[in-house]
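Each chain gets a letter, A, B, C and D, in the order it is written, and its residues are counted from 1.
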Amino acid sequence: MTPEQIIFLIVAVVTLVAGVSVVTSRNLIHSALWLILALFGVAVFYVLLEAGFFAVIQVIVYIGAIAILFIFASMLTRRVMQDTGHQSNKNWWLGALIAFGLLVGITLVLVNWQGFTSLAPVLANQSERLSQLGLALVSPDLYVLPFELASVLLVAAMIGAIFVAGEKKQ
Amino acid sequence: MIPLSWYLIFAAILFCIGLYGVLVRKNAIAILMGIELMLNSVNINLIAFWRYRSPDGIAGQAFAIIVFAVAAAEVAVGLALIISIYRRRSSVVADDMNLMKW
Amino acid sequence: MSTELITWLLPLPPLLAFFMIVLLTNRYKALSHSLAVGAAILSWLGSMVVFFRAIATEHLGTNPFASVLNWLPTGDSWLQIGIRIDPLSAATLFFVAWTVLMIFIYSVGYHNYGQPPGDHDKKGLQPHGAIVADEHGHKHVVPSIEPMYSRFFAFIGLFAFGMYTLVVSDNLLTLFVGWEIMGLCSYLLIGFWYQKPTARAAMIKAFMTTRVGDVFMLLGIAYLYTSVGSLSYSEIFKPETLLRLSETPAIGGFLGLSAAGLMGILLFIGTIGKSAQWPLHVWLPDAMEGPTPVSAMIHAATMVSAGVYMVIRMFPLLQAGSEHGLLTPAMTVMTIIGAFTAIFAATIAVAQNDIKRVLAYSTISQLGYMIAALGIGAYVAAAFHLVTHAFFKALLFLGSGSVIHGVEHGVLHTGEHVDPQDMFNMGGLRKKMPITFWTFLIGGFALSGFPLVTAGFWSKDEILADAFGHGHWVVFIVLALAALLTAFYTMRQITLTFLGEPRTESAHHAKETPWTMTLPLIILAIFAVAIGWAGISESFPVIGGIIPNIVHEFIGGTLAEVPEALPFSIWPLIVSLVVALGGLTLGWLVYRNQKAGAEDPLKIALGPVHSLLKNKYYFDEIYDTILVRPAYWLADNFTNQILDRGIIDGILHFIARVASNVGTIFRNYFDKPVVNGFGDFVGEGVKKVGRNIKVFQTGRVQQYLVMALVLAFGAMFYFVFTFFGQ
Amino acid sequence: MNFISDPITFIANWLGNLLLSWGLSQTFVTVILKFIGAGLVGTFGFALVIFTIWLERKLYGRIQDRLGPNRVGPWGIFQTFPDMIKIFTKEYITPVGADKVVYNLAPILSVSAVLLTWAVIPFAPTIVGTEVNVGVLYLVAVGAIGALGIILAGWSSNNKYSLLGAFRAVAQVVSYEVPMVLALLVPVLLGRSMGVNSLVNAQSVWFIVLSPIAALIFFTSSMAETGRAPFDLLEAESELVAGYQTEYSGLKFGMFYVGEFLHAFTISALTATIFFGGWRGPWTEQVPILGVAWFFIKTFIVYFVVVLIRISMPRLRIDQMLNFNWKFLTPLALVLLVLTAVLDKAFYLVLPSLNLLEAAIPWVRAGMHLLLNLFIVIITVQLLKSYKIKSVQVVAKPKPIAVAPEPPASVIS
């Protein structure tokens, strides 16, 4: 067990526990808080994968914006601090079955893949990776089109969100 | 050294947890949270594949970025819809939103 | 930047200004005129750079600045567009750039920028003036700003784009494009005050009349394209092409003309329309309904010049086949029409009272001059007169606008109901509007060819000298007479407007116009004098050769063989001196003591002839009787009643009835039983199936998801066990 | 390596070598050193707050024509210590129905978010916590955690004033993050790096000269992020008692309190670092420790301005604040960012043809950017003029509540 593996296991356990809590917690705000923890765990995975940029972005986008939006929306849509009864459907067992089945299916597929246990190659040019990514996103030969589409999507989402959530004045 | 399999299994578990949340939670906001978990597991996969299989390529990272954007857009619109529905019907339970059935 | 690149860019700023004003800045007056004037300045700068580089280039005629782009694929070849700066287009560019810029600046003042908006001004009408109170509480009526100020600048911007395109283009097609853009702008601008019925009529008249010419011109271009396979000047003017064209008989052996001759005549008809030559001259005087800068720009300095420019440009084609100074049929036609128009329009101008109409007829007359000069082969003289005329005529028009503006001020001040454009309502403006007076005087003297100092003298003298030198006696005499009349009506105009005593209260209260209007006048006045010095014939006694005859060498260089300068002859000089000075003196003598309300002395002297002239030889009435009314009659009685209602409608009704009957048969025996039956069966079936499976649609998104995933699972396990199980 | 000129690096090297000689692995030594460094910086930050609280109260007092703290120690400089003792000994109160875990977590998040910022601030050329290559993004990310602390505090208190405060906090902090990030991108563009220390290194001409507008936007929006006057809507006492911290007492309240003061100081430090050249100053090349002095001089000057603004500005209304952000700061920052990018690119395109002296290049560039900023300012002012609020119709003349009595005639003479 190398230190990295220990860190991985700890973080994985924490993240998965947080994830399970997200989907089972009765209190929606607690769910959101567990979600934040899970997202933090994912950010740590990015660091382990030597993608520090993504870790920071994860914190900014998910924790700084998305999680706060969740909390905000939770506060707006239910009477504060009031626990409600069951948070799951009647047929939750079916959902659990499907999720488990999917896990088994994915694992089966993965295990049969020959690259399953491959190890990480050494990363070259540590410092230039970020600028390469930036250039690739705006280079016409690579990803400028998806990038621009994503930006259009964001604008559309923003306008749509404002329009949908905004109060209609008669 | 951590083999790729760890990340993949982890991501798969996270994905299934998210899926469970989407399938069984009553609250629409909680369903969105489940979707976020699923998107995150996808992102881990993207970055992990990039790191282990094609560290010289850009594709994994580029798509991860786009997933971020999509996630942000999805949450913004989704929550806006939920708030709008809440305003009209005083409910955020997904099963109550069944006006469109026969 | 390379000269070619600058030339490509020349037309663009005004076009951009047009779009920006129309799309964005329409509501902001200052921004709009800044954009337009800024664009004009940019184009002007570029033009000056191009012009001076052209001047500095040796043998520009044989090696013009040219650049070509592929535009439209036509089968396996390309229709090419390009730019070409040779001496002729450089010279044209020079005066176009200057006059356009001056007119843009002038428009700012003319449309009363900085004045309050009028109280009753409506879009589409001339501003009526606004009432303001000064510090003592007295109410004054002052000129008010044009309601559609920005729109005007947009239009003249588009116009400038058309003109620049026309000048820099290297082929007839883009020339035609620019030509038509200007036609459109002229239509829009003449009808700028579109709520005036006269303006509406004038705009339609101008558009329709020039369209007559343009159709023929387009025919000429098409004919040229089918014969040569290209519209580029450099292709057309190749000696072998010209030779071939002049030796081929025209299509269908038309009147025994050669192909070149027919093309030349067709193209020349376009010029007749555009440059308002007889018999298509009728639109130009009416076009004076537009604002004065428009009259100056479109109807004096640039657009009508474009017609002349085009024939000068096409001169090698027109001349093709001429031997030893003999005129080709096309040139003969030009000579006749040009000379006739020159004298014809001059006679009308003598009897007009409207200050702008006089200038309009004068323009027609001067354009006739150029056409006639070109007809007798005086290529350089025609081009030279084109340049000088553009400057002094723009000056005169702007000056007349300034006069009208000043008198309008007086009209607003006094509240009189007088026509501010009628010269008999003016007089004595010399003291009220000194700058306008002196510049107008310079312009008028240039127009009448005041000896030695003015540009008009040199160019006109050269035309007369050419006519004399080549032995075209009739032309010489006609043109000399026209020059005499020109001098006469010019002096009549100056005397009536500026000299003597004010004949109305309004004239008494006229005021000098703002600097935005006077500054262009001054600059144009300088050119109206100085531009002539560039073209003094080297053989002129005493002063000839002091300044080299740049014009002759430069513009003459456009042609394959530079026309040799004529030997000096004293007769044309004497004639032009006599006609100019004689006309001027006569005009002054006749009109110096004109009293308020008195008859025009000319009317007393000429009697019925005067009313013939005053009514423009009844040309409008003649056209009305022989063209317009029959056309109406034909349209109403023949086309509408017989052709349209009778024949076409009859056929249509018959077809409709047959189709309706066939349709009924189909409906009863095919559609209802077969198609409908099948459709109903499908519909009912779907309904039944739907009723049975609707239980699956619960409206709950999560249950849908479960169903989808169960199906996906099936697919996935199939995939896993078929592919990985092997 | 000279102890006098660079003591901290010297000590760190010595300690590292010592530990290595004990047979510890290199990774482990690095971890230990980082831990010590983090502890030191954190402690230093808290210690600094003790001083800044006194400083601020003193300034506050002077501006309001009072003496301010003046009892404990010379000029009352130790006033904070008795306050601390009082806060330590106070009772912790947890409201009924509060969410205990979250309620206790919130103040810790709030302070730690601020403290995390200090990890990337360079104090001197050689004294940098960590040079993260996405340091600027890190700053933004950490700021987001601070917002989380506030919203959790407001929600978990089970108090409507707290919740309202939290709502306002979210609206304010999240919105003002937008122009702040945009304004931060301008120095990133100019310095060609996202690392904070590289930004300082790139400031041969301070970025405040290159882009005063960006500095102003950053400063304003980070003021808003701290939630201090004039942006203190989240704890507006006249409306919300004390906003999200209403229910907190004792040390938990103290943490919010310290967090706020530390945040104010931190934004001063950030402004000084990113726009005023950080540790740059004369002789830092030779004596790196001097950088610390320059850094703190600049920081305190900025901090002084922050305090002055807090003291002298009235509170904004919530709609004014949001309007100001979305309708003014954000568009301005966007325009500035785009124009700066275009100008800088254009500048480096034409640079080879200019034949400038090597030393003059940064200055020419700075001049061009300054001109651009001036231009934007002029355009903005012109645009603002056209959106002038129409003069309010006066319904009645304002009546004074009390009228000063006429002074007796003898006083006048």
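Simple rule for what comes next: a residue touches a chain if its C-beta (ideal position, glycine included) is under 8 Å from a C-beta of that chain, and two chains touch if they have at least 3 such contacts.
Just so it is clear, the structure is predicted and the values come from calculations on it, not from any experiment.
Q: Which chain lies at the heart of the structure, taking centres as C-alpha averages?
A: C
Q: Counting C-beta pairs in contact, pick out the pair of chains that comes out on top.
A: A-B
Q: In whole angstrom, what separates the CA-based centres of chain A and chain C?
A: Centre separation, chain A to chain C: 67 Å.
Q: Could you work out how far the Cα centre of chain C sits from that of chain D, in whole Å?
A: The answer is 66 Å.
Q: How far is the middle of chain A from the middle of chain D, if each middle is the mean of its Cα atoms, in Å?
A: 30
Q: Calculate how many whole Å lie between the centre of chain B and the centre of chain D, each centre taken as the average of the chain's C-alpha atoms.
A: That pair's centroid distance is 34 Å.
Q: Could you list which residues of chain C touch at least two other chains?
A: Where chain C meets two or more other chains at a single residue, that happens at 702, 706, 709.
Q: Could you tell me which residues belong to chain B and also touch two or more other chains?
A: Within chain B, the residues that touch at least two other chains are 19, 23-24, 95.
Q: Which positions in chain D touch two or more other chains at once?
A: There are none in chain D.
Q: Based on which chains touch which, is the overall arrangement a line, ring, star, complete graph, or other?
A: other
Q: Would you please name all pairs of chains that touch?
A: A-B, A-C, A-D, B-C
Q: Using the touch definition from the top, list the residues of chain A that touch chain D in their complex.
A: So the residues of chain A in touch with chain D come to 3, 27, 29-30, 33, 36, 52-53, 56-57, 59-60, 63-65, 67-68, 71-72, 75, 80-81, 127, 130.
Q: Mind listing the chain D positions that touch chain A in their complex?
A: 27, 97, 99, 102, 132-134, 137-138, 140-145, 147-148, 151-152, 155, 158, 163, 166-167, 170, 174, 177, 194
Q: With touch defined as at the start, can you tell me which chain B residues reach chain C in the complex?
A: Going by the criterion above, the answer is residues 19, 22-24, 31, 94-95, 97-102.
Q: Along chain B, where are the residues that touch chain A in the complex?
A: By the definition above, chain B touches chain A via 1-10, 12-21, 23-27, 29-30, 32-34, 36-37, 40, 43-44, 47-48, 50-53, 55-56, 58, 61-66, 68-77, 79-84, 86-87, 92, 95.
Q: Once bound in the complex, which stretches of chain C touch chain A?
A: By the definition above, chain C touches chain A via 702, 706, 709-710, 713, 716-717, 720, 724.
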